[in-house]
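What follows is a set of structures for review.
First chain A sits with chain B, and in the next complex the same chain sits with chain C.
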Partner chain A sequence: MDSLIPALENHLPILQVIVPLLIAPFCMILGSRRLARGIMVLTAGIMLAITLGLASLTLQQPVITYDLGGWAAPWGIEYRVDMLTVFILFTINLVHMLASVFCLGRQDGNLGTAARPAFYTAWLLCIAGLNGMVVTNDAFNVFVFLEISSLATYTLISCGREPLALLSAFRYLVAGAVGATFILLSIGLLYMQTGTLNISDLSRVIAERGSDRTIILALAFFIIGVGVKCAVFPLHDWLPNAYRFAPDSVTVLLSGTATKVALYVLIRFLHDLFGADFGFAEMPLDMVLVVTAIFGLLLVPFIALRESNLKRMFAWSSVAQVSYIVMGIGLGTRLGIEAALLHLFNHAIVKTAIFMAVGIIIARTGTARIRHLGGMAHRHRFASCIMLFGGLSLIGLPGTVGFVSKWVLVTAVVDKGWWWLAIPILAGSLASAAYVWRIVEIMWTKPAVLKPEAPAARLHWVEWLPLSVLAGLALWFGLNASLITGLASSAALGLLNPGG
Partner chain B sequence: MINVVADVGLLCLLLTVALAIVCTRSPLSLVLLSGIYSIALCTLFVILDAVDVAFTEAAVGAGISAILFFAVIRPEDEPVTAFSWPSSRAILLGLGVGVLLLAGTLDMPMYGDHLAPAHQHLALRFLGQSFEEIGIPNVVTSVLASYRGYDTLGEVVVIFTAGVAVLILQPDNKKGPAKPGDRDRFAPELMGNPVLKTVLLRMIPLVVLFGLYVQFHGDYGPGGGFQAGVILGAGVITYGLLSSATRLKRIISDKWVTLGMALGVLVYGLVGVAGLFLGANFLDYSVLGPTQTAGQHLGILLIELGVGLTVSCTMVSLYYCFKQGES
Partner chain C sequence: MITPATAVFIPFLGAILVVAAGNRASRLRNHSLVATGCVNLAVLIVIALDRGSHAEAQVLLETLPGLRIAFHVEPLGLIFALTAGLLWPVTSMYAIGYMEACRDEHRTRFHALFCVAVGSAMGVAFAENLFTLFLFYEILTFSTWPLVTHNRTPEAVSAGRVYLGVLLTTSVLMFLLAVVVVGNFGDTLSFRPGGVLGSLGPSATTVLLLLFVFGIGKAAVMPFHRWLPNAMVAPAPVSALLHAVAVVKAGVFSILKISVYTFGFDSLESVLRHELIMWIPAVTILLASTIAMKQDDIKARLAYSTVSQLSYIVLGALLANQLAMVGSTLHITMHAFGKITLFFCAGAIMVFANKKYVSEMNGLGRAMPWTFGAFLVASLSICGLPPTGGLWSKWYLAMGTLERGQMGLLAVLMVSSLLNLYYLTAIPFRAFFLGGDVDRGFLENRASMVAALVTTAAISVLLFFFASDLAGLVTEIKT
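Up next is the complex of A and B:
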């Protein structure tokens, strides 16, 4: 056993992905729903432990690489773990852990008996694909794992109770397939011009050759393709209905992981593959990203304000929040990336908590229509308070995590000399205050519309435990921001200066 | 010269068929046109010397996917007007992306240029050293199964995920198993045709034999688990078409098919994990045998078996799911 543990340490990067990837078909063979659920939570715990192990390793050694199949880097596929990787891995695996506990208390959507273990298989495949996209340092491998996670995601969304779940999953499938095609074309064009697929090697060859029209096209196609996956403002059309009709536990999982990983891939490719000089100095990528972000964060809150469905309203809010992250990425500076990472983490925690609370309220009241929720805050105090707390963080009120990341973002735009960007950031926050206030007004002050359900169903531990953990984390990071700010800052520094 | 004529002719055919696919409103023509597109593409792959890709395109694109489409489209869905132009927005978007792609081609290396970057960097080692390092003559198999074996594992998982997705989506058939004698909606008389039936039934063993050949000969000639899996799957599905899905299920039950799907992925993954236990990295086959090449041989043989199992079982499972939907 002693000899196995140091050996295990070297294999942590690959274990992060193959543990869920190989447990998924195993769940399928077992064919028992109860067993599959237990295994899912256990796997989530193991994955979080592996991430923590990787985190402690990166403290000693800034970059860990792993050659798959024993073939050295540009010839074989390479895994590469640095501070940024660990930051994202921690975010998604924490959310996954809590989401899978939350999932225990949910019905598995609209599924026949035979399909129930398959739901957990798809769940594990989804998270395995997302982890694979984060750890890899190979452009084509990113695409392969993107396909795994996307296919699994469409499946999970289609398990929703309402018939429209199928349609929204299908629409997401079409949008996602178009996005993936653009990413594949981009990788193909890059291979044509460089003859390699390893991200570090690609960046070296591109720097040596200089850019040409084909590489510019590859950059453009990549931005469009990954933009669909991130739900960047004009390419967001799939997201609101996908989140609205997906089973509650799936919405919780996706809101904290799927778009976040796509945003990570955007950061990784822009800085490590194409290079900041090419994207931000040669090409006007900063303008493109910042302008789309401004439109997103100003327009989307007004759509959310007119939304009649609670779940879809918060889905719209996710589109708006992605815009803040894209703005941070678009600045291209160290502070900008730090702001983007902080907002990514904060939004993952807060939105996961909000969707859990929404799921609990919808399950108890049987409706998601906002005007039917009058007075519900008094009947479901805990969930409503968490939702309010999350809403305040979306606005960015001082004392919440949302304030911390918006503050860093404002610092970043001033630092870049684009101080006027602070105006849309503030205006966007005010607009989000409007839709949060609307919910507060209805749920706290309006009289009850629905008759109270017979006995108020008590919260099960699988419901209150993950919610409390997320709320506690959000509270802690909001009051004591130095830890998470430090992590984001060193991750951004590691990305921009890989040497030191 | 003949190559140029064939290339240009096939590409024009692809373009025409693609335009026809965009404009047609009839599901039946859509499926048939997609089949023609696949066959044309498959021929192009053969000209490009990518015979293994051509195998897959022919079996999946022209074969199995058409069968699955036939299982879900209905004659009553055929529209009165079979042709309409796409919306002007779609035309503009398509033209825009097309112009961008054309602009991107301006700096691309010439077709067939041996100095193109794609032939100068990684390919040199793959072509020059793979025989010493892996010991099999087919460089494509070396790259797919060993140098980039992890991507191939990922692709197998993609296919497995697709199979799981269709299993989840299939309607829970409460009316019991499909009625015996279920036939394809569009071609009942075709499948009842004694000539067709006699000829096809005689061909199934040959198709299966060819599938096995492609599976085990992948180290030497074009082929491997993916191609063998789709060919085997197509053979089995043909039997289902000729008799009925119900009779096929009596021979290969859907439980076994689902099991095979998952088992193939596990075989592939566990070969990789075996490397971990023998002190090497994940998917390093060199430690599996006494010498490096012997280990690589064994590893590639095993993972190709896993690929073939998952792919063939997924194809059959898709067919079962689609047949269950109709009753």
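Up next is the complex of A and C:
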């Protein structure tokens, strides 16, 4: 045992990916749904433990590299773990852990007959792919893992009970395939010009030979491709229906992980591959990202305000919230990235909690129509209060995590000298208040529309436990954000000054 | 150990007690409500007597570097907290009687949210920095929304929408923006005597001042006053304590505190070269008084009267001299006692006589002598006539305008007082002297409600004699 732990320690980066990848087929092979569920939660726990292990390693050594199969970079595939990686890994594996527990719920309102063991295989493949995209330092490997997670995601979404789930999965497949192809084209162009796929190596070569039209084209292809996966306005078209028709537990998982990892890839490629000088000084990327973000955060809330379905309304809200993250990334400064990372984490936990609460209500009432929500607050107090609390955080009121990240974002725009951006940020908060309060008003003040369901379904521990953990985290980080801000800050610093 | 945080948390604790007791143990709930109020008042008095030892900021949490949840004790906040703290147990007694008389089903929710609102008003009073102030300001907004929509009728819900819409829009778009500006360009978010805006130019300071004056929507400076008349759909105790004392006074108090401790008089001087700014509250004073004259609904009339009186305090804050500051602070207290009495009376008339329009008041005086007597005393206090406390606040405010050399503003104050006299005393006048031949018998059959309104009216008179102590407290501030 004493020799096993140090031996494992050196292989943690690959274990983060390989464990779910290897375990995934067993869910199907064993053929039992109960076993598959157990395996899934166990794997989620192991993955979170591996992440924590990696986190403790990065405290001693800021950058951990791992050569796959012993082949040294740039020829072999290299895995690379630094503070930023750990930050994202922690976010997605925490959400995954809680989402897996939530997935155990006996009644998943939207999960149709497809709750076969294969569902859990797709689930694990999805999270394996996402983890792979985060730890790998190889551009082509990013694409491979992107495809693994995307294909698994299409499967998961199509498991929804309503027939339209198939259509929305297909539409996501088309959009996702276009996005992935753009990324592949970008990587292909880069390989053509530089002859390497290792991200650090690519960055070195690009910095040495300077940019040319091909590299610019590669950047353009990359931004569009990854923009689709992030659901950046106006490339968000696939997201609302995918979230709406996916099984509730899948929505919970995706909202906290999939778009977040795509955003991570955006940050990583912009700073580590293309280089901040190329993207922000040579190319007007800051303007492009900030302007799309402004449109996103101001326009999307009005779409959400007219939405008639609760799940799709919060999906629109995700599109709006991604805009804040994109704005932070677009600033290109250390504070901007810090704000983006903070908002990424905060939004992951808050939106996951909201979708869990929505799932609980759907499982009880069988409907997600907003006009059916009348009086629901008095019947499902816990879920409604969580939704209210999450909504306040989406608005960004003081005392919630949403306030902390928006405050840092506003500080970042002032720091860059673009203080006028504070006005759209605050206006966006106000616009989100409109759609959040529309729901609150219906749930708390309108008379009940539906007959009370019989028998009154009590909350199962797999429902309230993950929700309470998320709500507790959101509350704590809203009041005392020094820990998470410190992590985001050092991650941003590590990204911009890899040397010191 | 008694600290300002204690005074902030006791009402929140009271809310928990109220919920725990619930509708089933309604007596226990009512007793704990009043007891919490009394304990809170005792704590406030101890803090007031021992204020020298609380000068240091008490930091509870540091959300981010520079964003602290912290409390401190200074004279302005102390006077606001004492005013609200003294009126809270009185209002609790009144509210218990009123809600019983109305046979309301959601009393527990009502009383609990009431406690939360008072707690956040305490938070605003003792806030050591703009972040804490903003935090409790927003808790106050959200905790009073269910009280405004308490009846769940369509008009209550739509009034709630206006309420939240105006307060949230102003606070997020302007107040928060102003806080961001202070956080990034000022020295600190904390309140410091003399101000923290040393490096900001005059034009930027002017814009910032306007952001605060309009952004603090609870001060109801026109054109952002519409939420207040709308909020009158709430039960009478809410209008009484929250929309005459806690909520609106939290607004004007914030403006006063910010003008004294964030801007400082020197900074304000540089802004005041634009005299137009001082005319913003002056216009509100006159317009609101004029509108109040035309209201037949008694609560709407009182609401517009409140809008007008709030701008007296804003005006005092903008005059930037010590006399006006004393006047503003005194007016927070004097107007609170006067206006809460008026709202108590309006509620009592509603419950006892089932009347809500001024034109229906004729001849009610004989059936409700205590109510209309208290109404008359409180009206005198609002108008600023002896022997009531209202005289002193208007006196200091008038002196403040003279010190600034603004005869026009002095005239505004005087004209508005005359208007007050007309539209407020008209009500007891109708009750006592018009249509007196109708004999309705004695209607005031709920002792707790009558006791409450007589108490507040009596305190309005007592304040006439003790105003100098309060004024002395305010002059402790080093400006």
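Criterion: the second predicted complex is superposed on the first by the 490 of 500 C-alpha atoms of A that agree within 3 Å, B and C clash if a C-alpha of one lies under 4 Å from a C-alpha of the other, contacts with A are read in each partner's own complex, and residues count from 1 in each chain.
Just so it is clear, a contact is a pair of C-beta atoms (placed from the backbone, for glycine too) under 8 Å apart; a residue touches a chain by one contact, two chains touch by 3 or more.
None of these values were measured; they are calculated from a predicted model.
Superposition model on chain A: chain B and chain C are shown accommodated side by side without a clash. Using the contact criterion defined above for the overlaid structures, shared-chain residue A:429 touches chain C, although it does not reach chain B.
Of the two partners, chain B and chain C, it is B that touches more residues of chain A. With both structures placed on the common chain, the touch criterion links A:366 to neither chain B nor chain C. Contact with chain C, but none with chain B, is seen for A:407 once the two complexes are overlaid on the shared chain.
Contacts of A:7 after superposition on the shared chain: chain B is touched, whereas chain C is not. Looking at the shared chain after the overlay, A:71 reaches chain B, while chain C stays out of its contact range. Of the two partner chains, chain B is the only one that A:192 touches; chain C does not reach it. Superposition on the shared chain A places chain B and chain C such that, viewed from the Cα centre of chain A, they span 160 degrees in steps of 10. Per the superposed model, the minimal spacing between any CA atom of chain B and any CA atom of chain C is 39 Å. Of all residues in chain A, those touching chain C in their complex are 392, 395, 397-399, 404, 407-408, 410-411, 414-415, 419, 422-423, 426-427, 429-430, 433, 437, 441, 444-446, 478-482, 485.
For chain A in complex with chain B, the touching residues are 7, 11, 14, 18, 21-22, 24-26, 28-29, 66-71, 74-77, 111-115, 118-119, 121-122, 125, 128, 132, 138, 140-141, 144-145, 147-148, 151-152, 154-155, 158-159, 166, 189, 191-197, 205, 209, 212-218, 220-221. Remark: chain B residues 100-101, 103-109, 116-123, 125-126, 146-151, 154-155, 157-158, 160-162, 164-165, 167-172, 258-259, 261-263, 265-266, 269-270, 272-273, 275-276, 279-286 touch chain A in the complex.
Put simply, chain C touches chain A in their complex at residues 61-65, 67, 69, 131, 134-135, 138-139, 142, 146, 149, 152, 157, 160-161, 164, 168-169, 172-173, 176-177, 180, 183-184.
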